[in-house]
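First chain written, first letter: the chains are A, B, C and D, and each begins at residue 1.
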Amino acid sequence: MSSADIYREIILDYYRNPRNYGKIPNPDVAQRDSNPLCGDELEMHLNIKDNKIADVKFTGKGCAISQASASMLTELIMGKDFEEVKKLSKEDILENLGLHDLGPARIKCALLSLKVLKSGLYSYLTEKMKDTASADKMKEEASGLY
Amino acid sequence: MQASVINIEKIRKDFPILERKVHKDKPLVYLDNAATTQKPVQVIEAISNYYLNYNSNIHRAVHELAEEATAAYELTRDKVAKFINAPRREEIVFVRGTTEAINLVAYTWGRQNVGKDDIIVTTEYEHHSNIVPWQLLAKEKGARIEYVGVDDGGQLMLEQLDRYLETGRVKLVTFSQMSNVLGTISDSEEIVRRCKARGVRVLVDGAQSVPHMKVDLQRLGCDFFAFSAHKMLGPTGVGVLWARRDLLEGMVPFNGGGDMIREVHKYETTWNDLPYKFEAGTPNIADVIGFGAAIDYLEAIGMDRVREHEVEITRYALEKLSEIKGMKIYGPMDAGKRGGVISFNLGDIHPHDLATIIDEDGVAIRSGHHCAQVLMERLDVSATSRASFYIYNTKDEVDVLVRALNRARELFRI
Amino acid sequence: MQASVINIEKIRKDFPILERKVHKDKPLVYLDNAATTQKPVQVIEAISNYYLNYNSNIHRAVHELAEEATAAYELTRDKVAKFINAPRREEIVFVRGTTEAINLVAYTWGRQNVGKDDIIVTTEYEHHSNIVPWQLLAKEKGARIEYVGVDDGGQLMLEQLDRYLETGRVKLVTFSQMSNVLGTISDSEEIVRRCKARGVRVLVDGAQSVPHMKVDLQRLGCDFFAFSAHKMLGPTGVGVLWARRDLLEGMVPFNGGGDMIREVHKYETTWNDLPYKFEAGTPNIADVIGFGAAIDYLEAIGMDRVREHEVEITRYALEKLSEIKGMKIYGPMDAGKRGGVISFNLGDIHPHDLATIIDEDGVAIRSGHHCAQVLMERLDVSATSRASFYIYNTKDEVDVLVRALNRARELFRI
Amino acid sequence: MSSADIYREIILDYYRNPRNYGKIPNPDVAQRDSNPLCGDELEMHLNIKDNKIADVKFTGKGCAISQASASMLTELIMGKDFEEVKKLSKEDILENLGLHDLGPARIKCALLSLKVLKSGLYSYLTEKMKDTASADKMKEEASGLY
């Protein structure tokens, strides 16, 4: 897709005015990752209650795609059922962002937040839920993203 | 040209160097394939094409050239994984060659896991690259290096392996899947089985096996595996280390630098994901891409047919060479159970003199210790001559070799 | 096209890739030369020619192909020695690139000479390849790593170097002769002088300097010097470590294996002469030969003229870029005293987004941390965009860059 | 040169019946070297008296060229003035052997014995004569041979 299509008003708006930016004190999940290729950094905090995402925030630095993607992802999962969030796929994220046909380098920017989310869920499932089967699935999915 | 399981006339057309004359007018008979093979135009063009059309550094840029170059480089990783049936693409680490692959293991896993009085077991028919790194490691750690002996038929004496394993102090067993001097094909699966039964790690040097026969890592079951592109139609400067993911994850990095890091800070640094953690600096991009074309070429022929052709030509060569007066051949004599590498000596002609003489007839063989001085000591010779075959060699070429050897014999009055 | 000190139209004809279109119909404007340069047909053909006509493993065989290949490979060593005015050919060690060269020094000289509480001094503008190997060494030995800071003009603060030297505990000072981000040319001779006055060893990273200016090792006076072929018209997979003979002689080997040995016995081994002691295994023969052609190409133009051309284009680019609204340029602004590498940021556009946008206009620049995260921290940015020039770049191409940047500015409404 | 020219009767004779083959008990000079490329080995023993080569012997294994060359070299220097022997050049050796235009690999075989001789003289000059200037010259010449 052309850059005029990528850098639509809405992406720039989420880049410049990210929703759910910040940290949660004592979160249930705190997960950080960085993209070794470009140096983008992302940290995501989650609170999970009654099998729902009770709260989610993120901080980070990086390109418009990675930051808008992270912010939109937090909006997407806020209040959602935990089981649904576990199922989120690469396609869901790109759909939500309205971004298609990104090249192999830039698609990583769009998926960094999902990678961080899945890695966070892995830790949560392992440590708090003792559910190794689901946890391993999350880990595989996270590392399969790129 | 004789009928063969492969279409040898068609294949030879892909190797323009085989049309070349040496010493003015002698057609080249290239029988030094165990040292390095020739390259088909498909490989040469893959490299030129990269430089002519999409040369760029990889992994870190977003422009179009970089994306094309990155995709092509990473595609070879997939091809390699499939070629040797490795479980995962991220277990394929690109290095310069077999030598660097083995040193990488010695510097990382070796230094982490081998301690004082531990034993590293290798064999008497190893290439120097599978001996010297372990000597260096053993010296640093106060560990010992021991050798599985070679019997008079050129086979490893596995009962010696058992004796070392029984000590309970062996940390690594490392051996070549095919000897580059004797042509012996090691009983790899059996060796791995014995080691695994004792929880001992195994490194297999596939430098001579991968080019010449189907290798299936999942069947083999070893922990580390190494080979070189240049011995299998690929360019110089590329090789592969394969290791099981859990081992690679536990290993400290080898070289430090670009691409292998996640975050660098002044006083601490974290590592990139596999396999990049072990690929520091700008890799040999063009040649990795060329290596992909070499694998395509071999896959198109089929490794079973490559092997069949070599068995046929090796059988013929063993027969013809045996008829020469004063000939001594080292290694197994059953072509069906050995590789296409034949080492020999002719009377008291020193291999260097022999190679010089037959070079005049256009025949390129290797002479010397073949980077296997420990084996030379075992065979009680200072050197051997070695003829080694590949997909483009013919029985006619074996005949040229035999005629040239007879001329040498006459010159030396044997 | 503007008049230039070099015949740029003629030069561009030697680089077929520059005729290429990207994104369907946009002429390629390649400004990512600090990452890797393009290759002239002369280099590409030197490689093909090797494979088509005299491919063979080197050093150990006596047949004609091997002699031709050995001679060509060794000829590049002579060319390199002459190009950087090294005192002796046997001080030139071929490696994969700058990264491997530096790691080689860390693994050999470093592990022999750096001990607990010793200090290794590097700088804030080093490439990861000149930081991470020393972090690894420091960690192993309990040594410390310290950084000479970079001032707001992009220059090294040499008074900090003096303070470290005064401790008497510095074993090595290592720095880049030209920053790959800021374009700063280090005051190398002065740094070497201060170190030598204290008997401290110096490694110079010449990855960005050797391709772009005349380097004279005998004048420079350092102990170790490293650079990469692929950044100076040569192929990927080749680089050079130069070190003084007496140092190389005292150093333990790096990788063990073929070619680096004199005699291998079961329990003890002796080393080959310089430089082979440090070139284990089959080297990257074809690309070393290709590298020779790259040096010939640069010599034919003349390094002084290469430098003059780059100063001219850098001056023009600094001027034009400065006029863009929202532009911030990092590093020295005097084109006569810096290299042709310009890092910048445009408004709040992240470099990755910027590179993606202008790639649509055919302009290839690099974006990110440029393997210099320590410098990014110092500049307090997460990334920069970087345009870097070479002999084939024109002022017209700078204009295309500027137009593309303005389009990005509009897209981001800056 | 062609192999028929190289492997003349005389070279084969020196290869199969080397003159001055063996060791000297308690020699003034004992020097060993090997060619890392082909594994050829050579050890030379010398006795030096009244500035003359009083005795010389060699042992070794290797090709016809290296062994014949070594044997012929021992004959050449036996009884010669020390100063003359120091001056022996690559060309002298090849002349003596009757070998010209050897390729770069094989010329090393022909010169291994001269290399061993010069290295031996280096040690002798250093240790027994304390003549570092001449010694260094020998060392340079030895390493310049190939």
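Keep this in mind: contacts are C-beta pairs under 8 Å (C-beta built on N, C-alpha and C of every residue); 3 or more make two chains touch, one makes a residue touch a chain.
None of the values given here were measured: they were computed from a predicted structure.
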item	value
Maximum centroid distance from chain C, chain identifier (CA atoms)	D
More contacts between chains, A-B or B-D	B-D
Between chain A and chain D, centroid-to-centroid distance (C-alpha), Å	75
Inter-centroid spacing, chain D versus chain B (mean Cα positions, whole Å)	37
Rounded Å distance, chain B centre to chain C centre (Cα mean)	31
Separation of mean Cα positions, chain B and chain A [Å, integer]	45
For chain D, residues contacting two or more additional chains	37-39, 103, 106
Touching two or more other chains - residues of chain C	60-62, 66, 259, 261, 263, 352, 356, 367-368, 373
In the complex with chain B, residue positions of chain A that touch it	34, 36-39, 103-106, 143
Chain B-facing residues of chain C, complex	16-17, 20, 22-23, 28, 30, 32, 35-36, 38-39, 43-44, 47-48, 51-57, 60-66, 96-100, 102-103, 106-107, 127-129, 131-133, 135-136, 145, 147, 228, 230, 235-238, 252-261, 263-269, 280-287, 352, 355-356, 359, 363-368, 371, 373-374, 377
Chain B contact footprint on chain D (complex, rising order)	2-4, 6-7, 12, 16, 37-41, 61-65, 103, 106, 109
Residues of chain C that touch chain A when the two form their complex	348-353, 356-357, 360, 367-369, 373, 376, 382-383, 408, 411-413
Chain B to chain A touching residues, read off their complex	59-62, 64, 66-67, 70-71, 261-263, 272-273, 276
